[in-house]
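Each of the two complexes below includes subunit A, the first together with subunit B, the second together with subunit C.
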Partner chain A sequence: MLISFYMQRALARSCIWAGRKGVIGYEREQNLSLVFFIGSHCVISAVHRCPALLGIYYSFTDWNSYSSEKNFIGLEHFRTILAGDPTYLLFIKNTVLFTLVTSIAKTVLGLFLALLLVSGVKAANLHRMIIFSPQVLSFLIIGLVFKSLLDPNNGFVNVTLRSIGLDVLAQNWLGSLTWAMPSIMAVDTWKGMGYIMVLFIAGLLAIPRDYYEAASIDGAGFGQKLFRITIPMLMPTITIATVLNITYGLRVFDAVYVLTNGGPGNATDVINTAVYSSFAKGYWGLGSALSTILFVIMAIISFFIIRLMNRKVEY
Partner chain B sequence: MMRKRFLFSLVSVLLLSTLLLAGCNSGKSSEGSGKVTLTFGTSQSGIPRTGIMQTMAKEYEQETGVKIDFQVVPDAQWRDLIKVKLASGEAPDIFNVDVDPLSMPANVRPEENAIDLTNEEFTGRMSEEILPTVSHNDKVYGVSFAPTKIWYVYYNKRIFQELGIEPPTSYAEFKAISQKIKDKDIIPFYQAPASGWYQVLPLFETGPNYEQMAAGTYEKLNNNEMKVADMTQLKTVIEQLKEFADLGYFGKDFLSNTVEAGIEAFGQEKAAMLLRVPGTEKEVSEAYPAMKDNMGFFVMPWGDNQTIGVNPGGSAAMFGNKNSKHPEEVLKFFRWITEHDHLQRVFDEGEGNLTICWPEIEPKLTQDYIDYEKNHEKGTVMQAAVKYIDPQWMDIGKDLSGMFAGAMTPDQILQNIDKRRAEQAKVLKDEKWQ
Partner chain C sequence: MRLRKRLSSIGLNVLAWLLSLVVLIPFVVIVLNSFKSDAEAKVLKLTLPEKFIFENYKIVYEQGHLGGSFFNSLLHSGASSLLLVFVVAFSAFTLSRNHSKLSKFLYFFLILGITLPLNYIPLMEVMKSMGMINSHVGMILLYTAMGIPISLFITYAFVSNIPKELDEAAIMDGCNGIKLFLRIIVPLLTSVLVTVFVLNFLSVWNEFTAPLYMLNTVEMWPMTLAVYNFFGQFSAQWNLVSADIVLTSLPVLIVFLIGQKYIVGGLTSGAVKG
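On to the complex of A and B.
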């Protein structure tokens, strides 16, 4: 990116020089804009678009670590993923379930916390900072901490439950088929709700006080204000939060990898742990195909969310 | 007029970019003419944790001026990372990889990536058992310091004496003594599914037992004339593991256990048995002095096994990167580290292994080990003799965890093993699977 910086600066200087030599007219402005555009576009294409397109291309090859050859094999990887092996459908299902639950949980908790922290509570900024701070920690750190907390024998959670006589609630949180995925979802929600809270605080502060005052005069209670004023006015923020939650959830990897590595068995494997596993085994074409499928899913879902929520906003 | 200005801008940009790139390039060439540094990439367990390799590398630097720069990566990541680095041409000058005769050619692709060591003097001094693990098509590419790797069940003699029980020689006996141990609130057998690889050992380290019961099994598997799922004796072992889990012989909530915690549990006498390799006595005794002379061993009785499974590879070997900028310096380092005195030091100040794959170095096996080996038949472990088993070791570990948790049946595990074998055979274009 350093090269990019110098290229941009050199480009700017060249344009200034060109500008001094003549009158800048409409036609010339167009050409100068084109020069800027070409410079930026080349950099973005080189580091972002080309690798993405190349990855999609590799989805149609038998690219692997065991041979230097790449043979075109058409849709074979996609057939394997979507029809040949039910395990992959489980990964997709786990990913969708994770995304759905954590998106809802983060949004609801984020909104709840945001409402609390704009209601005039003391030390609001301190609370915001504390709730937001997990967001800046690496999931590796959080994962190791929660692995320790959730250990079935010596973890803080189970030790506490047993010490107050609630042995029946003590679970093998990360090693149980029933509890592994909910545990990961809970940790991820805890980590990410602070970010959503910040978005909602910004959204709430942008709602004019006048609306609430008028509503109060008309005798509206908290519930009516929430559903008639707050949430409709927050719809653009909810749209952004939902898109962010869903694109993050569909791409989840670190939470699952660090806490359970997809276990027990494949119970918590998601698309990206399968991608990682494929690349690890050297099945690079297959890994690329999984990534491509994830990309398609994300694109479709994001498109429909934006369309749906924009319509509501217009209403 | 406009065309000239545009062209001037374009030329300016290109010129500046060229100068910038030239600046980067001159930096590299000046480094090349100075002191030589060899990068050494390895997993954590690929070199002794005692740091003897790093210590000796410092001495080598003082002697020759060539610096060895170690890049140590956690085990779980290194296996994957080195494949990518080799494929992209970014591998270190020297790289350590776990080897066995079947997987090494696919994982390393030595003809493209490794320096040929066939004609080196030190190659002729390595053990004949180890050479197949670092060779491909009759050429030698790696240097190993591996022990003869055998996994035994280590047991607490004190606990056994107090309960009046003897080391078992069959699964039924194994089960019976485990129940007695469990009745005393001691973990009978420490299992560590969270580490991912430990729970797989019973399936394949008992490979010689399968060969003994049905001669030619390995060959048929390699020729794709039978499937892993056809091996009833392997299914029996998996079912026995499941039974031990269900009966609580691995302890409560054992799914989160790791191997590291097992040493602790065994050392603190909370667990009566665990799987380890020779040399364990030293490691445990140093950390838990009360355990000195309190450890015995026997072969795993899964499937009524009484054979000793030997892995001729199973440990890391050093390879020189064929695409290194300093191939001659790599060779000189290999020649130096394999001098007799240096081999002795690697052995003496290493992990505490009792053997090393250099016949000129005297082993440190106790009489107990020597006698035990004489009295038991030995054979090659399954993953070192049957194709496409070792590469999926971690996947099988995950499957076994799934079985312990109730998500999978033994039959499904066997089917998955076959499916993954077929997958890899296809990618490698194995003619037996066409």
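On to the complex of A and C.
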């Protein structure tokens, strides 16, 4: 790929130039080796960033596995996705729905768990470690665990429900149109809530005790303390947690791929699983166009995120 | 009043244990199941196996290509994390120590990767053109690149907090740039660099998407793909699948237990800055 090669070289050069001019570092010669690291750094990140630009170009071509030619076809793919085939809109809708529901669920549950574990419960560190532990495992592992647990006939969930006489509640969790998406969201929340909880614990411990003491003297109850002190003081943490949840949710792939692979039908497909299946089918141009749409959504969100990260928070 | 307080404290403890159980039970079911016989494991139940069968683990190890995959995962995670630590340490120092527009731009350019998604289809094309597809070197470089944004974000904040007076004192005492970095800055950065190493190690070990796109020979597969493939073949034999799951999650859980302090500390220091 000539373009990527040139881009990397240009980046490396501009870094070395910056080093010579003394733009980076204290003194020119001494820092040349550091500049070298920046240079290699840029090269590596170009491996990361170049494809994004290339991908935008490819989404305007009919690139596929059946012919070696790439013809420019303009906005054809975008028309297919946004106006032609309603299944593609379903993928986008699923992605947004997944992001919304899991973000809210993780934030609420994470906050609840954090409040519980800083309230003087015994062995709080043990609980914290247990609830956090799914986060360190691959979603692949978690996915397989739940695929066995949620099996309609012999899975743990249904077997347990039947054995305590709640046959009515036993469902085909991952195979039915109504329950597949909620099941995936539940599993994802189960895995991710520990992470958000840890963030909230750190945030909660940073709130000065005096505020609560003063509020108690003034006769504030639990609810008042929660909504008047805790949540306002936690706003920075809530912001970060939301950012993490949203960026994760829009990019979700493993969770859906392992649990249902988009099924039943297309009911649980999200953008990234659709990208993978169009890649596997050889429709590379179309897959790139889907990626580009995701990229644009994320770029817009990133813009606001970076503004948020730079904003000074006032109490 | 006292009794009420006592009761509510017991209630909270019970609640905490219930919630922990919600997380623990799925794992317990899987672990118990991995010791059961084929017939007994047909139905997933929370019962002790009649007889503990350790044979399952041997079968899984032999049929699941676990040895080779373990080595691949270790190589990818270890090498890319080491490389990452080097690159990030140097870059965070250089970028945070001068306030030019360019360095600010480079910093934002690099950390933008925290939010922007990777486009795998053209990435394959780029990697192919550099001859890096289906190769260990390619995977290691890719993982390093993927880890840079968030690691740099964490380390940068940390370096910025090291007072500049230290640098000045060192330079007065005759240090040059490199010496200053190696003798003064790196020792101060040790804890954050360990964090970055551990976090990246775990995330590469768990990576599933990149190898799915980039690696198509069995010999190159990391643990995640090997497990997925194993599940595809043996999905009816839940005792074997369970044993496979246990074997693959053990290394990560051990790393997690050892690096627990660093992991949690790193996650929060990267996230909660106000």
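Basically, the second predicted complex is superposed on the first by the 258 of 315 C-alpha atoms of A that agree within 3 Å, B and C clash if a C-alpha of one lies under 4 Å from a C-alpha of the other, contacts with A are read in each partner's own complex, and residues count from 1 in each chain.
Definition applied: a contact is a pair of C-beta atoms (placed from the backbone, for glycine too) under 8 Å apart; a residue touches a chain by one contact, two chains touch by 3 or more.
What you see is a predicted model, and the numbers here were worked out from it, not measured in a lab.
Which of subunit B and subunit C touches more residues of subunit A: that partner is C. Contact with subunit C, but none with subunit B, is seen for A:Leu137 once the two complexes are overlaid on the shared chain.
When both complexes are overlaid on chain A, the residue A:Phe222 reaches neither subunit B nor subunit C.
In the superposition on chain A, A:Phe72 contacts neither subunit B nor subunit C. By the touch criterion defined above, A:Asp151 reaches both subunit B and subunit C.
Contacts of A:Val275 after superposition: subunit C is touched, whereas subunit B is not reached. Where the contact sets of subunit A with subunit B and with subunit C meet, they give residues 15, 18, 27, 31, 35, 151, 279.
Here subunit B touches subunit A in the complex through residues 1-2, 5-6, 8-9, 12-13, 16-17, 20-21, 79-80, 83-84, 86-87, 106, 109, 112, 193-194, 196, 252-253, 255-256, 391, 395, 398-399, 401-408, 419, 423-424, 427-429, going by the rule given at the top.
Contacts from subunit A toward subunit B in the complex involve residues 3, 6-7, 10-11, 13-15, 17-18, 21-22, 27-28, 31, 35, 39, 62, 64-68, 85, 151-153, 172, 174-177, 261-267, 277, 279-283. Within the complex formed with subunit A, the residues of subunit C that make contact are 9, 12-13, 15-17, 19-20, 22-24, 26-27, 29-30, 33, 42-46, 86-87, 90-91, 93-95, 97-98, 100, 102-103, 106, 108-110, 112-123, 125-127, 129-130, 141-142, 144-146, 148, 167, 171, 176-178, 181, 202, 205-209, 212-213, 224, 227-228, 231, 238, 241-242, 245, 248-249, 252-253, 255-256, 260, 263-264, 267-268, 271-274.
Residue ranges of subunit A in contact with subunit C, taken from their complex: 1, 4-5, 15, 18, 23-27, 30-31, 33-35, 37-38, 40-42, 44-45, 47-52, 54-55, 58, 113, 116-117, 119-122, 124, 126-127, 129-134, 136-141, 144-149, 151, 154-156, 159-160, 190, 194-195, 198-199, 202-203, 206, 236-237, 240-241, 243-244, 247, 250-251, 253-254, 257-258, 272, 275-276, 279, 284, 287-288, 291-292, 294-295, 298-299, 301-302, 305-306, 313.
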